[in-house]
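Below you'll find a set of structures to go through.
Both of the next two complexes hold subunit A, though its partner changes from subunit B to subunit C.
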Partner chain A sequence: MVIAFYILGFLAIFSAIMVVSSERPIVSGLYLLLCFVAVAGLYITLSAPFVAAMQLIVYSGAIIVLILFVIMLLNQHRESDKKRPKWVTALSIVAAVLIGWGVYFTFITSKIVLSHGKMSPIGGMNGNVEQLANVLFSRYFIPFEVISVLLIAAIISAVFISKKRV
Partner chain B sequence: MMAKLLTPEVFMIVKVVAVFIIVLTMVAVGTWVERRGAAFIQDRVGPNRVALFGKFRIMGLTQPVADGIKFFFKEDVIPANADRILFVLSPIIAFIPATMTFAAIPFGRPFDVSGVHYFLSILPPATNIGVLYIFAIGSMGVYGIIIGSWSSNNKWSILGGMRASAQVISYELAMTMAVVGVVLSTGSLQMDKIVSAQTGLWNVIPQILGALVFYVSMFAETNRLPFDFAEGESEIIGYHTEYGSMKFSMFALAEYANMVTASGLFVTLYLGGWHFPWLDQFIWGSILAFLLKIAVVLWTFVWVRWTLPRFRYDQLMRLGWKVMIPLSLLNMVVVAIFLAYRG
Partner chain C sequence: MVPLIDYLILSAVLFTIGIIGILIRRNIITILMSIEIMLNSVNLVFVAFSRFQGNMDGQIVVFFIFAVAAAEAAVGLALVVAWFKLKESIQVDDMKLLKG
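Take a look at the complex of A and B:
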C-alpha cells in the first residue's frame, strides 16, 4: 500500500504539473484525466473505494469528456508564452506560492490534522457505502438537499443563458 | 494432492487466467458467430473455407485465427501528421477497460472446501462497490474513442469520435439509472447479493422497464447497430478510419469484449446470474448456466445488428434523452414506491 501510495502520488503531482505546462490544450486535458485517475487510486489506498468509484465516474468519466469536447470544438492552437509580459508571469508565480502556502498553513493548523490520531476510516473497505449514506441522509441532510437545489438552479440558468433568443 | 493445491491464492491465479482466456475466446468466437449469423440471416453461406491443418473445416471456426494472423502481418501505417504517441496509445486505452470490467461479475456458485470460502468472481464480493466498479472502469472506455479520433488528425475521424462520445455519455446516464432500480430492490451494490436476491424470481420480471432501458442502452454503450455511429462502416465514417493492422484489430476486440461484459452484466443484473432450475445446484452447472445465458444475450446482439437499420443521429439523441432517461426514472420511482409500501 505504501509503495502504491508513492507511485500514485508521484503520478498525480507529475500529471498536475504537466496540465499547466504542456503546450497543447488537448494534451493538458489528457494529463488532467491521468491526474484524476491517480487520485482515484489514492482513495483506494485510503480504503475508500466508494469515493474512488465516484471520482472515476463523475470526474474522469463525465467531466473530462466534456472538457475534451469543448477543446475539440474550439479552435486549436498552441499556447505561446511570447505574448505574455514578464511581470504577469512573475506575479502569477508569487500569487501561486502565496495561495499554496495559505492552503498548506490552514491545513496544518486545522482540526483534521490535530485529531489525526483519533480518526478511523468510515466503515473500511466493507461498510463504506452504508456509513456514507447514513451520515449524508441524517446529519448532513439539509446541506445535501440545498446543494441539489443549487445545482438545479445552475443547470436551468446555463440552459437559459445559452438558449437562442427568438 | 489436489486438496493441497487448492488455496485461495492459487485459486485466484487460476480464475484470473481462466477468465481472461475465456473472455478472449468468446471475443474470437464472437467475430465468427457474427459473420456466420449475418450469412444465416441474409441467406448466404458465410466464411467456411479456413480449415484446421488444411483438413478440418468445422464450419469455418478457424477463421478468427486466420484473421488474427493476417492482422499481425499487415503493414502498420501511422499517418504523417498524426500525434504518434497518442495514436499508438489509444487502441490500448480502448482495450484495457474492456477486459478489466469483467472482474466484478460473479460467474458461478460460491463454495466451501474444508472451511475455506471460494467465490467465483475475480473481485472479492466483500468490496462493496461491485456495480459501481463496472461503471467506473467502463466509463474509461470512451477515451479510446476520443483520443483515437483526435490523434488521427483527420476531420472525419474527429466527427465520428464526437458522435460516438456524445452517444456513449448520453446512454450511460439512462443505463446507470436503470441499474439503480436493481440496487434499490436488492439493497446492496454487491454483485453476489444481487444474484442471490434473484433466487426464484429473476429481476427481469418485476423490473421489465429497467431491463428494457438497460438492454437498449447496452447497444448504444457498445456502439453496436442500430446505434453504431462510432464506426458506421457502411456509409458515414468512424473514429478508427486511419487505423490499420493490429491497432484496428484492438479496437474491434475491445468492442467485442465490451459486448461480452455487457451481456454478463445484463445476465447478472436481470437474468438471475448463474441461477438456473436444477443446473445451479452443481458448481459446474452454475458456470454452464451463466455461460449459456451470456451466449443467448450475445446472439441477440448479432440478431439485432442484422435486423434493424441504423438510427439517424437526432433520433438517437431524442430516444436517449426523451425516452430512455424518463423511462429509467419511472422505473426507479416505481421500484422505490413499491419497496416503501411493502416495507
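Take a look at the complex of A and C:
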C-alpha cells in the first residue's frame, strides 16, 4: 500500500508538472489523462472504489475527450510570438508557491490532522457502494436532484454559446 | 500504512502546480486543464478525510464536485470555441475587449 501510494503520487506530480510545462496543448492533454488515472489509483489506495470508477469515467472519459476534441478542432499548435517579460513569470511562480505554502502550513498545523494517524476501521473496501448509496439517497437526496438541474443548464448554455451568432 | 498528512501534502503540491499553470500559461485550454488539476487535488483531500474519519459524506461531496467539473468543462470549452470564432486566437493576452 505504501509503495503504491509513493509510485502513484510521484506519477501524479510528474504528469501535472508536464501538463503545466509542455509547450503543445495536445501533449498537455495526454499528460492530464495520466494525471487523472494516477489520482484514480490513489482513490483505490484510500479504499474508495466507487469514486475511482467515477473518476475514470467522468474525468478520463468525458472531460479528456472534450478537451482533446476542442484542441484538435481549433488546431492552434503554435505559441504566440509576443512573450511575456521574464519577471512576470518569475513573480507568478513565487506568488503561486506562497499560496501553496499557505495551504501546506494550514494542513500541518491543524489539530484534526494530528488526531487521525491511521485509517478508520469502518468504511473499508467491502460494501463501499452500499454505504454511499445509503447516505446519498437519504440525507443528500435534494442536492442529488438539484445536480440534474445544474447539468441541464450547462447543456443548454453550452449549445447556446457555441451557436453561429456569437 | 500511509498517514493522513502524506495525502494532504500531495494534494497541496498538486494544487500549487495548478496555480502555477494558471498564472504562467497563455493558452486558455492549458489554463482550463490546470483548473481540472486543482479540482482533483481538492477531491483527494475530501476522500482522504472521509477515509480516515470513517465518514461517507466526503465521498458524496466528491460526487457533486464531479458534476460541477463536467459542467464547468462543457461551458468553458464552449466559450473558448465562441471566442476562437470571433478572434481566431486562444491566447489570453488577446482577450482585452472590455479594456476599451
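Keep in mind that, in the parts below, the second predicted complex is superposed on the first by the 141 of 166 C-alpha atoms of A that agree within 3 Å, B and C clash if a C-alpha of one lies under 4 Å from a C-alpha of the other, contacts with A are read in each partner's own complex, and residues count from 1 in each chain.
By our rule, a residue touches a chain if its C-beta (ideal position, glycine included) is under 8 Å from a C-beta of that chain, and two chains touch if they have at least 3 such contacts.
From a predicted model like this one, the values you see are computed outputs, not experimental measurements.
Asks: Considering only touches as defined above, state whether A:Pro49 meets subunit B (first), subunit C (second), both or neither.
Replies: first
Asks: Let me test your reading of the model: by the given contact rule, A:Gly61 touches which partner, first (subunit B), second (subunit C), both or neither?
Replies: First partner only.
Asks: Quick one: subunit B or subunit C, who's touching more of subunit A?
Replies: C
Asks: Does subunit B (first) or subunit C (second) touch A:Ala158, or do both, or does neither?
Replies: After superposing on A, A:Ala158 lies in contact with subunit C but is clear of subunit B.
Asks: Which of the two partners, first being subunit B and second being subunit C, lies in contact with A:Leu33: first, second, both, or neither?
Replies: After superposition on chain A, A:Leu33 lies in contact with subunit B alone.
Asks: A:Gly100 in the overlay: touching subunit B, subunit C, both, or neither? Say first, second, both or neither.
Replies: A:Gly100: touches subunit C, not subunit B.
Asks: Of the two partner chains, subunit B (first) and subunit C (second), which one does A:Val129 touch, if any: first, second, both, or neither?
Replies: first
Asks: Common interface residues of subunit A with subunit B and subunit C?
Replies: Shared contact residues on subunit A (touching subunit B in one complex, subunit C in the other): 50, 54, 62, 66, 73.
Asks: Contact residues on subunit A for subunit C in the complex?
Replies: 1-2, 5, 9, 12-13, 16-17, 19-20, 25, 28-29, 32, 35-36, 39, 42-43, 45-48, 50-51, 54-55, 58-59, 62-63, 66-67, 70-71, 73-74, 76, 79-80, 82, 84, 89, 92-93, 95-97, 99-100, 103-104, 107-108, 113, 116-123, 131-132, 134-136, 139-140, 143, 147, 150-151, 153-155, 157-159, 161-162, 166
Asks: Where on subunit A is subunit B touching in the complex?
Replies: 26, 30, 33, 37, 40, 49-50, 52-54, 56-57, 60-62, 65-66, 68-69, 72-73, 125-129
Asks: Using the touch definition up top, name the residues of subunit C that touch subunit A in the complex.
Replies: Those in contact with subunit A are residues 1-10, 12-21, 23-27, 29-30, 32-34, 36-37, 40, 43-44, 47-57, 59-60, 62-64, 66-71, 73-75, 77-82, 84-86, 89-91, 93-94.
Asks: In the complex of these two chains, what residues of subunit B are touching subunit A?
Replies: It is residues 86, 126-129, 132-133, 135-137, 139-140, 142-143, 146-147, 150, 158, 162, 165-166, 169, 172, 176, 189 of subunit B that touch subunit A.
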